[in-house]
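Take a look at these structures.
In the two assemblies presented below, chain A is common to both, partnered first by chain B and then by chain C.
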Partner chain A sequence: MASSEEAVLLLRLAGPIQSWGDRSSFNRRDTRPEPTKSGVIGLLAAASGRAREDSITDLAELRLGIRVDQPGTLLRDYHTASDYRGRPLPQAGVSKKGVQKPTSPPKDTYVTTRFYLQDAVFLAGVAGPRPLLETLDHAVRHPSFPLALGRRSCVPTQPISRGLRDGSLGDVLAAEPWLASEHARAVHEREHRTTLGSWISLSATLEDPEHGDDILNDVPRSFDPHHRAFASRRIRHTWLKVPTGLADAGNAADTTADAGHDPFALLGW
Partner chain B sequence: MTYLSRIRINPLRKASQKLLANPRALRGAVVGGIAQDPTEERILWRLDADNPRRPLLYVLSRSRPDWTHLVEQAGWPGADGEHAGVRDYGPLLAQIATGREFAFRLTANPVQNTANPDKPTQEQQERVANGTTKRSFRIGHRTVTAQLAWLLDRTVRWGFEIPESRMSTPAPGIAPLNDPHHGGEPAREVRIIARKRHSFTKKRNARPVVLHTATFEGHLRITDPQVFTDHLLKGFGPAKAYGCGLLTLAPLPRHLLHEGGH
Partner chain C sequence: MTQRRFIDVHILQTVPPANMNRDDQGNPKEAVFGGVRRSRVSSQAWKRATRLAFVDHGMDKQDLGTRTKRIASKLTALLVDRTPLEEEQAARLAGALLDVLEISAGKKAGDTAYLLFYGNRQLEQVADLVMERAEELAALGDKELAAAVKDLPVKETLGTGHPVDVALFGRMVADIPTLKVDAATQVAHAISTHATELEFDYYTAVDDELEEEETGAGMIGTIGFNSATLYRFATINMRQLQENLGDDAETALKAVELFVSSFTRSMPKGYSNAFAHRTLPHLVAVVVRDDQPVNLVSAFERPVSTGNGARAHDGIAAASARRLAREHTTAVTTWGDTPAFTGLCCTLNTEDESTGSALTEAFGQPRSFPALLADLRAHLAEGSH
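And now, the complex of A and B:
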């Protein structure tokens, strides 16, 4: 693989709610604190118009890096489901004919618990061959199927794609300015009791096949409902020094030992 | 020419412990840094101990000073960084104009002069009884209220004003704390960040000199550039020899800059 053909596609994953489940398949639907690879690849596959049965091996080979710009908060949703025809719900056991038996006594409502991330913003970097990423970039801007952030109810805000960049995954994610909203910046300043400088430290999870020291089981082999399977990938957690996009005007006073009042700040001009 | 100096003081040195404890000793060290006629010019200085482990000494002088002796006796002579920064004050004086706003800090000695103190001491009573008073008594303000009132009384005379503090409107039915319509004074953008009582002797077995100082920090708007510049160079209030009266200006914090136009 020639390194000159490598590129990184940057995606801004933000919306009112997101949900990135990786293991739950029953009544309790969890979310990971960060987007999963299966979720991001599912979004790219939906954008490029692939059916569930189509191959996604080329997408699964892409390397994924996630930067947490706004961690968001956890939302727990008390959720009920019933049969729209008013019939009792079926039970798990099946009859001799292979049909699910009705519940007895009849049960009309399931209670499920679903978890979401609200008000979170992530920057995802997808590294791989440039020609493939160019088609994906176009696909995300002109999607074939509606896009979602981990679950169909989680609608993303636009624009999703921030275009292609050259360089390594970590460097590209560190170079992109902080994507937090004005409100999130104010909250950050209040909680940390500081004024924002020209850079901020953000946590990130980078896929690193050689030096990764942690493993996640979220690489999809196929989205075919009858052949769902997942593989693992090696990842590494790190902190990135990210520009906030703020000018250095207020920083001269902030960095001196005499943090409160710096008479020399006016004399340097 | 006027120069502003900033000298790092190492509080662990034997010499600096005396300097930090006694304004008179520190004045001696400051005057020792001026080469020509140190008693002729008005040297202003202030000790900023925001971080008590890294106090900073600011000095405003007409001639270019040399702080080698202070660094050797009370600094870190072998350390990295700027031991004593000396900057030309011209760029700041050039910025002084009507309406300009700055953050400021001032350590001052708020006093009142009165011929009839409310609670005269024994000695004052005797002097009043004997009729030997030539001038009124100078009494230091010792409460925050009185010290703040002292500053706010004088700002017009000194060529600046302190803007009203920006407060969000109170909820319906709740009266603001200092409502001008109810006879209160509006709150101003100033606060006292440090107050101190100094007591030291000039001669052995003499009566001590007692000073009550207050360090004000806030936000000012220049109304009369000429008067303000004069006071900036000559000092504000009494006890200038003992580290009072040096008002320094700094850029406004960023969150105030955004709303500076209002």
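And now, the complex of A and C:
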């Protein structure tokens, strides 16, 4: 593809909780520490109003880069469900007739553990043909289905789309200012008072079919519940030097050097 | 209606000491947001409370769904009622109709192997498919009967015109994808607008029949609790709702009203006898948007605190309301996307000028909850033509 037709769509993925599972099934629903390609493509497919059975080949071909602006922490959620008529839950085994047998001894409550990322902020860059990205940009701002960060109950905060940029995935992600919350900035400022500067190093994962040295198995082939399949992609882990939007290094370092003891810093406030 | 339309519901609700949704330690659920610990109530917990409240809010049971294995005997009863057929003939006809679904049969005659969540009205429509020809069909042999009903739209009838609760919350049927329904609502986990700490109530229970020489408690224990002003958000995808309800505009309007009032007035019941935490919201704002749903939780990323200033007396709820209003106004002016409708119901004292004007600027003059529902309905009804 000619590079002049290529562009990068930037998405800010933030909200109180997110969950990006890649291999979970049954009772334990994990989350990856970063958004998965299947999750981001699912969001784009929902925005553009595609049904589960519709083709997503064009979306799967887009290359994904994730920048970790605020890593967040892991939240474990305990969730129970039971039969509302008070009957025991069915077990995995079936009778000769193919009917699920009740649990014996009877088990009434079904427990699932769901993991979420709390208080995290990511910047996702989606690289591909400009015309497709332009329609996706519009779709994210005018979605057909409500969008979610990996799970339906993880509602994103606005705005999600930051528009299209020209350039390579890595360069575009590095040029965008740091998107962390007020609180995360304050913590960073306190922890790096001597090295406070206008730049911060952020970890990133870039899809790189040629030089990728790690493999993730999170490329969806179809979201059709009957034909779920995933392919793998090559990725490269890297660090990006990103503008913080904080005060310039020289002056800021001078003024904070005399700030003295901050008792709250110890508490991480 | 093919137009995109979302109905956002924003709620601020103060809950006294309570433990309505607990984790495996028995403590109220929490999450960290903006670097501080918050009280959290999962979306699942509030969706269940909402669904259970449907019947209380004037929903005809006939318009709701039934979850049963006994679909065949239900259908048989309908046929006996409405046609001259005897029970045996009706059962045979019902069986033939349901064979089209290819659901495996259950142990008992007339049972399906698993529970099917379908609408009462949908089953009536299946019966309507054969009403005119019931006797003629019943007279056929097995093979001829199967061939005669093979092309009747049984699957399509059960696959469209879903009951309101199925249309709102969705349904998953693993082996018959055409019966699957995508939920029309999205509900966020409720979180507190401010930092909370988990607290413990240490309690002792005294034995009423205690002998005089004995001392001490009959038992001791602790219950975790917290109190919080929660921000709750849900959105309805109007297009999906209409589609789920077979493009019946009137039923869709009813479903919106049902969801908004049940979501607003319901509450998860965990430990409700111990804490009696039942409250109604301080503020309900309904926003209809034709571009996208907008969750305003960012307003509380910096946790609300009452502080020491002149505002210390008016509490977290008023401060949260001002934040919510400002976030909404900023979002609208920054992105230039004016909502199609805004409505506010508010119990806060809006004589305080800055709170009152911020709320009015964002969501319009406050009105009673029934008036809010009526205005919302009028707006939606106008738009659906």
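In this text, the second predicted complex is superposed on the first by the 238 of 269 C-alpha atoms of A that agree within 3 Å, B and C clash if a C-alpha of one lies under 4 Å from a C-alpha of the other, contacts with A are read in each partner's own complex, and residues count from 1 in each chain.
Rule of thumb we're sticking to: a contact is a pair of C-beta atoms (placed from the backbone, for glycine too) under 8 Å apart; a residue touches a chain by one contact, two chains touch by 3 or more.
The structure presented is a predicted model; accordingly, all values stated were derived computationally and were not measured.
> Contacts for A:Gln158 in the overlay, against chain B (first) and chain C (second): which applies, first, second, both or neither?
Only chain C; A:Gln158 stays clear of chain B.
> Using the superposition described at the top, determine whether chain B or chain C touches more residues of chain A.
Touching more residues of chain A than the other partner does is C.
> Please work out whether A:Leu267 is in contact with chain B alone, chain C alone, both, or neither, and reply first, second, both or neither.
After superposition on chain A, A:Leu267 lies in contact with chain B alone.
> Give one of first, second, both or neither to describe whether A:Ala92 is in contact with chain B, with chain C, with both, or with none.
Touch partners of A:Ala92: none, neither chain B nor chain C.
> Could you say whether A:Val187 touches chain B, chain C, both of them, or neither, answering first, second, both or neither?
Once the two structures are laid over each other on A, A:Val187 reaches chain C alone.
> A:Pro146 contacts which: chain B (first), chain C (second), both, neither?
The answer is second: A:Pro146 touches chain C but not chain B.
> Looking at chain A, which of its residues have contacts with both chain B and chain C?
In the superposed arrangement, which is not itself an observed complex, chain A uses residues 268-269 for both chain B and chain C.
> Could you please specify the touching residues of chain A with respect to chain B in the complex?
195, 249-250, 252-253, 257-269
> Contact residues on chain A for chain C in the complex?
Spelled out, the residues of chain A in touch with chain C are 15-17, 72-73, 75, 77-79, 95, 97-100, 111, 116, 118-119, 141-148, 152-159, 181-184, 187, 225-226, 268-269.
> Which stretch or stretches of chain C touch chain A in the complex?
4, 6, 23-24, 29, 31-36, 38, 42-44, 104-107, 113-114, 174, 177, 180, 182-183, 186-189, 191, 233, 235, 237, 239-240, 291-295, 297-298, 301-302, 331, 335
> Residue numbers of chain B touching chain A in their complex, please.
Touch list, chain B to chain A: 4, 6, 48, 50-51, 54, 56, 58, 85, 87-89, 91-92, 95, 102-103, 105, 193, 217, 248-251, 253-255, 257.
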